[in-house]
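Read through the structures below before going on.
Shared between the two complexes below is chain A, which pairs with chain B and chain C, respectively.
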Partner chain A sequence: MEPPQPVTVGRAVEALDLGTCVSADPEALIAGAQVSDLLSYVMAEGQRGQVWVTIQTHPNIVAVAGLAGMHAIIIAGGFEPEPETIARAEEEGMGLFTSAQTAYLLAGKLYELGVR
Partner chain B sequence: MTERVPIDLHVHTALSPCASAEMTPPSILLSAERRRIGVLGVVDHNTAGNARAVMEAAPAFGVRVLVGLEIESVEGVHVLALFDSADAAMALDTVIGECLPPRPNRIEAFGEQYLLDPLGEIIGEDPRLLAAAVDLGLEAIVELIGRYGGLSIPAHIDRRANGLLPTLGFIPSGLSSDLWELSPHTTPDAARETWPELQTRALLNGSDAHFLDAIGCATAPISTRTARARLRPADWGCAAARELLGAGG
Partner chain C sequence: MDTRRLAHHEFPILGRAYFLGGRASTSVKQVLREAGVDDAAIRRIAVACYEAEMNVVLHARSGYMAVDIYPDRVTIAVIDKGPGIENVDLAMTPGWSSATDEARALGFGAGMGLPNIREQADAMDIRTAKGDGVQLFLTFKREVTDDGAPPTGDSGTRG
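Showing the complex of A and B:
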């Protein structure tokens, strides 16, 4: 089997049909992903270059993703980020995307694309 | 030396999902009195439906009582809302009731949710799903509690399930509570070691009792003078916070 090809943020946004609240560098390579709604877990386990799928919309998610050096947050389940969350993501240059699909489906699609 | 009494601001009645049926107003108050609790907080999940019964039963017991709700925010964080009158607690109860998801309780999962009279007799059941998050963010809830004249205390902030710190990672900058509750599983000193941001916060343990034996299993010490001070709940919380910080609690 072919080793998975590197996946860029731009390719993931297109393949998963994500809504864009705050864009991220489309050429950035995704180095893995987290799926969690406990922010303390992501603070401990989040890695540089990852994307994070969550249903939390609180402004704290931007700081947590920034702390880990992640590329982007994907808010699943049709939830919309709070205005303050969008404002902070713009300030920090953190990608912020949304999807009506469940976290489970988004994670499956990311894996299918080749994100490991 | 200042005389101190233990306070336990987090006890549930039989109205709460998963609380024991023995949690009636007179039984709770008697247990608290026997354990020399100076101030007792009685709440239920997302409702204050038994607040009136508790307040009517309270004068027969030697314990000061605050009543209210333990509200679950949309993020899954629990916050205590405490009042010195059942009327004030019920005013907020009405607002929170409108923010609950319109789903019925699942008795097989969460148990009966009993409405009680001051003598502890069952007068009804709350059919709603109380074990749920309301459609309000944490900051909005704390702001709402203040607007209704209540004292807000983020509950068991160290706990993985529904605690502020594990759920939201750190205390949001705009959150304006004076008191912060720890679960029985930690102490103010240990919590400050794990979360240095708690250095400047007034911390107090609470039992989160869902059955009688647990009442007072975790408390905070406070001077009898502050315990008895007849202040608005928010001002009382502020006075208690100053004292707890001064005492290293």
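Showing the complex of A and C:
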């Protein structure tokens, strides 16, 4: 079986049909993902270059993703980020996307795309 | 131990202002990057600082974070005014948390903050008494180059 192709942020945004609140470098390679709504868990496990799927919407998620060096946050389940969350993502240059799909489906699609 | 202090910074932390939480830690990360501290150390320090900062935000009234950069290490002090911790052993137990339902709904309160800090830091000293706030002192070893001098200047990429 062929090894999965590297997946860029741009490709994931297109394939998962994500809404863009704050864009991220579309050429950046996704180095794995986290699916969790517990901030301390993501702070401990999140790695540089990953994307984070969560239903949390408050500005602290941007701090966590930024400190972990992640590329982007995907807010699942049809939730919308708070205005301060968008402002902080813009300030820190953190990608912020939304989807009406569940975290489960988004994670499955990321995996299917080749994100490991 | 090298006693030459290369830089000192302090950043305030506001209790209860969860939406501002992480600002002090983000500032610390920035000064470490500017000082040329290695990425691996920066990551460990960032994780620990964030957890300590959010503990002040969630459990105390106000505080500050001080960072001191030495050639071979970085020290962090997080000092708060708040209720203090009555039983430190209990507080250090993974999964134990006194967080409110409101904080838990926001994704805090996994009881992982202090255990995370202990895992990331090379040395951790916590001083507290009930009603007296918490003083947390952390030491992180940094990578030193062959000639004993830390790499200087802007060390490249974000993240």
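Everything below uses one rule, namely that the second predicted complex is superposed on the first by the 116 of 116 C-alpha atoms of A that agree within 3 Å, B and C clash if a C-alpha of one lies under 4 Å from a C-alpha of the other, contacts with A are read in each partner's own complex, and residues count from 1 in each chain.
Just so we're on the same page, contacts are C-beta pairs under 8 Å (C-beta built on N, C-alpha and C of every residue); 3 or more make two chains touch, one makes a residue touch a chain.
On a predicted model such as this, the values are computed, not experimentally measured, just so you know.
Between chain B and chain C, C touches the greater number of residues of chain A. Residue contacts after overlaying the shared chain place A:V13 against neither chain B nor chain C. Touch criterion met: A:G66 reaches chain C, while chain B stays clear of it. When the shared chain is aligned, chain C comes close enough to touch A:G49, but chain B does not.
By the document's definition of touching, both partners, chain B and chain C, reach A:H58. Of the two partner chains placed by superposition, chain B and chain C are both touched by A:L38. In the superposed model, A:E92 makes contact with chain C only, not with chain B. In the superposition on chain A, the residues of chain A touched by chain B in one structure and by chain C in the other are 37-41, 43, 56, 58-60, 63-64, 82. Per the touch definition, chain C reaches chain A in the complex via residues 18-23, 25-26, 29, 43, 46-47, 49-51, 54, 106-108, 110-113, 116, 119, 158-159. Within the complex formed with chain A, the chain B residues making contact are 75-76, 137-138, 160, 165-170, 172.
By the touch rule above, chain A contacts chain C in their complex via residues 37-41, 43-44, 48-49, 54, 56, 58-64, 66-69, 82, 84, 92-93. In the complex of the two chains, the chain A residues touching chain B come out as 37-43, 56, 58-60, 63-64, 82.
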